[in-house]
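Chain nomenclature is as follows: A, B, C, D, E and F, assigned in order of appearance, with residue numbering initiated at 1 for each chain independently.
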Amino acid sequence: MEANIDDMSGELLGHAMQLLLEAGARDVFFTPIYMKKNRPATKLEVICDEVHKESLQEILLKDTSTIGIRMHKADRLVMQRESMIVKTRYGILRVKKATWHHIVKYAPEYEDCRKAALKHGVSLAEVYRIAQEACQTTKEVKE
Amino acid sequence: MEANIDDMSGELLGHAMQLLLEAGARDVFFTPIYMKKNRPATKLEVICDEVHKESLQEILLKDTSTIGIRMHKADRLVMQRESMIVKTRYGILRVKKATWHHIVKYAPEYEDCRKAALKHGVSLAEVYRIAQEACQTTKEVKE
Amino acid sequence: MEANIDDMSGELLGHAMQLLLEAGARDVFFTPIYMKKNRPATKLEVICDEVHKESLQEILLKDTSTIGIRMHKADRLVMQRESMIVKTRYGILRVKKATWHHIVKYAPEYEDCRKAALKHGVSLAEVYRIAQEACQTTKEVKE
Amino acid sequence: MEANIDDMSGELLGHAMQLLLEAGARDVFFTPIYMKKNRPATKLEVICDEVHKESLQEILLKDTSTIGIRMHKADRLVMQRESMIVKTRYGILRVKKATWHHIVKYAPEYEDCRKAALKHGVSLAEVYRIAQEACQTTKEVKE
Amino acid sequence: MEANIDDMSGELLGHAMQLLLEAGARDVFFTPIYMKKNRPATKLEVICDEVHKESLQEILLKDTSTIGIRMHKADRLVMQRESMIVKTRYGILRVKKATWHHIVKYAPEYEDCRKAALKHGVSLAEVYRIAQEACQTTKEVKE
Amino acid sequence: MEANIDDMSGELLGHAMQLLLEAGARDVFFTPIYMKKNRPATKLEVICDEVHKESLQEILLKDTSTIGIRMHKADRLVMQRESMIVKTRYGILRVKKATWHHIVKYAPEYEDCRKAALKHGVSLAEVYRIAQEACQTTKEVKE
């Protein structure tokens, strides 16, 4: 679902993003666009499952200034995901493991890493690095 | 309809927007993109009804540098719109009233408000505010 | 002069651009930025001479939502400009000739070329091309 | 202060923004830029007072991937601000009143309005509108 | 095919673009977007034929951080293209000629023009201009 | 140094970036902007030392369409850099080590890592990760 919005402030858009995420949107993002009459504007896109469509539409119409919504269906190819935990010098961190055929990737949980970085006074990049390192060696433990 | 354009200047793109709007496009907008070989470029998107498709395609091919156009169909959810007018201290202003189930929104006409702002030496935001206020209290008058 | 604006719609910004240009700004442009609390926003920049500074400041404070303006001085290197006219198959067109040491560039006047393109039913790019061609061969005629 | 960053993810940049704001930055914002070798990148800008400069520099060097910071001084023209409160049908809301010569603007507090919107089940735009209306009529009450 | 990426640096994205182009993508481009938690991010889009789909998917999953890909089918309207060569004062240059009904456009080959510009010490714009001029007058020579 | 460019295509801008980098610019980058008359445009910024200023100015005036350049001086805070090499399972890689007070960061050389990734059939992210790991344990070897 998407809408072009040129008559609403950024403050209100930030709030709308929050509402949409809380109502079950998989993803919400903004793209800067340029519209007629020299208007800098924002394209608001919402990625969601069929089941959340109606409640998200209502938020879009109620909490943004748009009067129309465009909808596209997209096929999705998604890697298989599972949660695991790793033990590191910065504590226990959750990691999302994604698998597709022979490809394996690890994405440490942002909030876990963020808290660990603040607690240990190191940079977030350092915690991610250590978490990635641990993923290679840890015997996997399902969450 | 959309096209990525990396071999055409902004001056020409501004002109193409005008031509497309005059030829019946519902909406035309630009998105800044980044293409290969370090090229800052522009995605030109046109939203239109089936009936205008062919004449807009011709403009795209003639008045922009693109040699290809991508086309998507989108479902649209649109609020019901009607025009009304409100009397304000800045004169009579047209307002678009949009309705969908229990949601009602008012969008004052940009050009009316702009002229009123210039005439009365106030900011456009002030005219919008007064117009919105009037929408709440005015007994609706169809245009 | 510049201001970051996250609490004003694109409609109002387009109007503010117009007002600033009419009040003597050399150039006004928007940059898409991202601010705290997930707010897509716009940086409004105005390039102007010292003499217009005060009246442009007043417009910024009155007609945009900003409550502060940042100001930078910049040195400028500007090519020497003169106006010339060229005769083409699309009529007489004004051209800005810019010179700096051995570098010479021609910029056909946008509005002249635009009108000629509409009148002759050709693309604006075609008129520019013909105007550029004429610049190379025309005996210069001061406007 | 500003830095161009092409070797750091958006996740880490969102975290850095938070840290910089908590450490006293007046404003932190991102601009999308394009760098060599086809790299989409981000310019991170920090606006701050002299007194916070050093601690913010340390965050930039520690918590982002940049190895250099560019610094500019800017003159600022700032409207005079004071806090006031208004009583509305959505409760008591704080408003920032900004004054410069004959120009007066009101900016309702985002967090107050946001909570009121959620509490009363109305859109944030509606709360802003009512707050603005109240500003025009309320006898000012200093906070 | 498209993916939103907020946990990968611009350096890596520039590399991924290269890999995708080498593997047969028709076009690869980046759009700056803004995601939750104040993250500046990048939408990576790949335009390709059915036949390359699978190998490009593998690159997206292996060489970017995304764990999901969205896919859309688009109809395409493409002008008929043929290669021609023109003789100019800057050497022989290849030109792509695009035709659709009565519309004819010429796009000089970037790499040919670039080399000619460097060799003759003139600007690339000048070489394009001369190539365009030659297209109008040259008896077409198929490559 | 910076210039706003609305009458030049992305193809030409990509070429100009290359020329500026080869002529000694420290950094060249593009920002998407929006100018009057609905023109999507590009701000071209060049960061350079005093010694390269004049030759870069000449390129800007000759190889872009701008007729004016704005120049700002900026103070810079730069971390102390030295080159080191690390031995990894993907071969010997150069790393830039940056130091400022107690802060130490490592930036593996992009070109080295890129070649190693292609040679070993792994992702660039994987090579970076291994290079970072090696930086923590390697006894430093000056290049």
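Observations
Here is the rule we use: contacts are C-beta pairs under 8 Å (C-beta built on N, C-alpha and C of every residue); 3 or more make two chains touch, one makes a residue touch a chain.
Nothing here was measured: the structure is a model prediction, and the numbers come from that model.
Distance between Cα centroids is largest for the pairing of chain E with D. Looking across C-F, D-E or C-E, the pair that copies the A-F interface, with over half of its contact pairs the same by residue number, is C-E. Shared numbers divided by all numbers used gives the overlap of an interface; between chain B and chain D this overlap exceeds half, so the copies present the same residues.
In whole angstrom, the spacing between the mean C-alpha positions of chain B and chain C is 22. The mean-CA centres of chain A and chain E are about 29 angstrom from one another, to the nearest whole unit.
Between the Cα centres of chain B and chain F there is a gap of 38 Å.
Chain B has residues 7-8, 11, 17, 30-32, 34-38, 40-41, 62, 65, 72, 110 in contact with two or more other chains.
Contact residues of chain E toward chain D in the complex are 5-11, 13-14, 17-18, 30, 32, 35, 37-42, 65.
Against chain B, in their complex, chain E makes its touches with residues 17, 21, 27-32, 47, 72, 74-79, 81, 96, 98, 100-101, 103, 105, 107, 110. Residues 8, 11-12, 15-16, 32, 62-63, 65, 110, 114, 117, 123-125, 128 of chain B are the ones that touch chain C when the two sit in their complex. Touching chain E in their complex are the following residues of chain C: 32, 34, 36-38, 40, 129, 132-133.
Remark: chain D residues 4, 7, 31-37, 41, 43, 57-58, 61-62, 65, 67-72 touch chain F in the complex.
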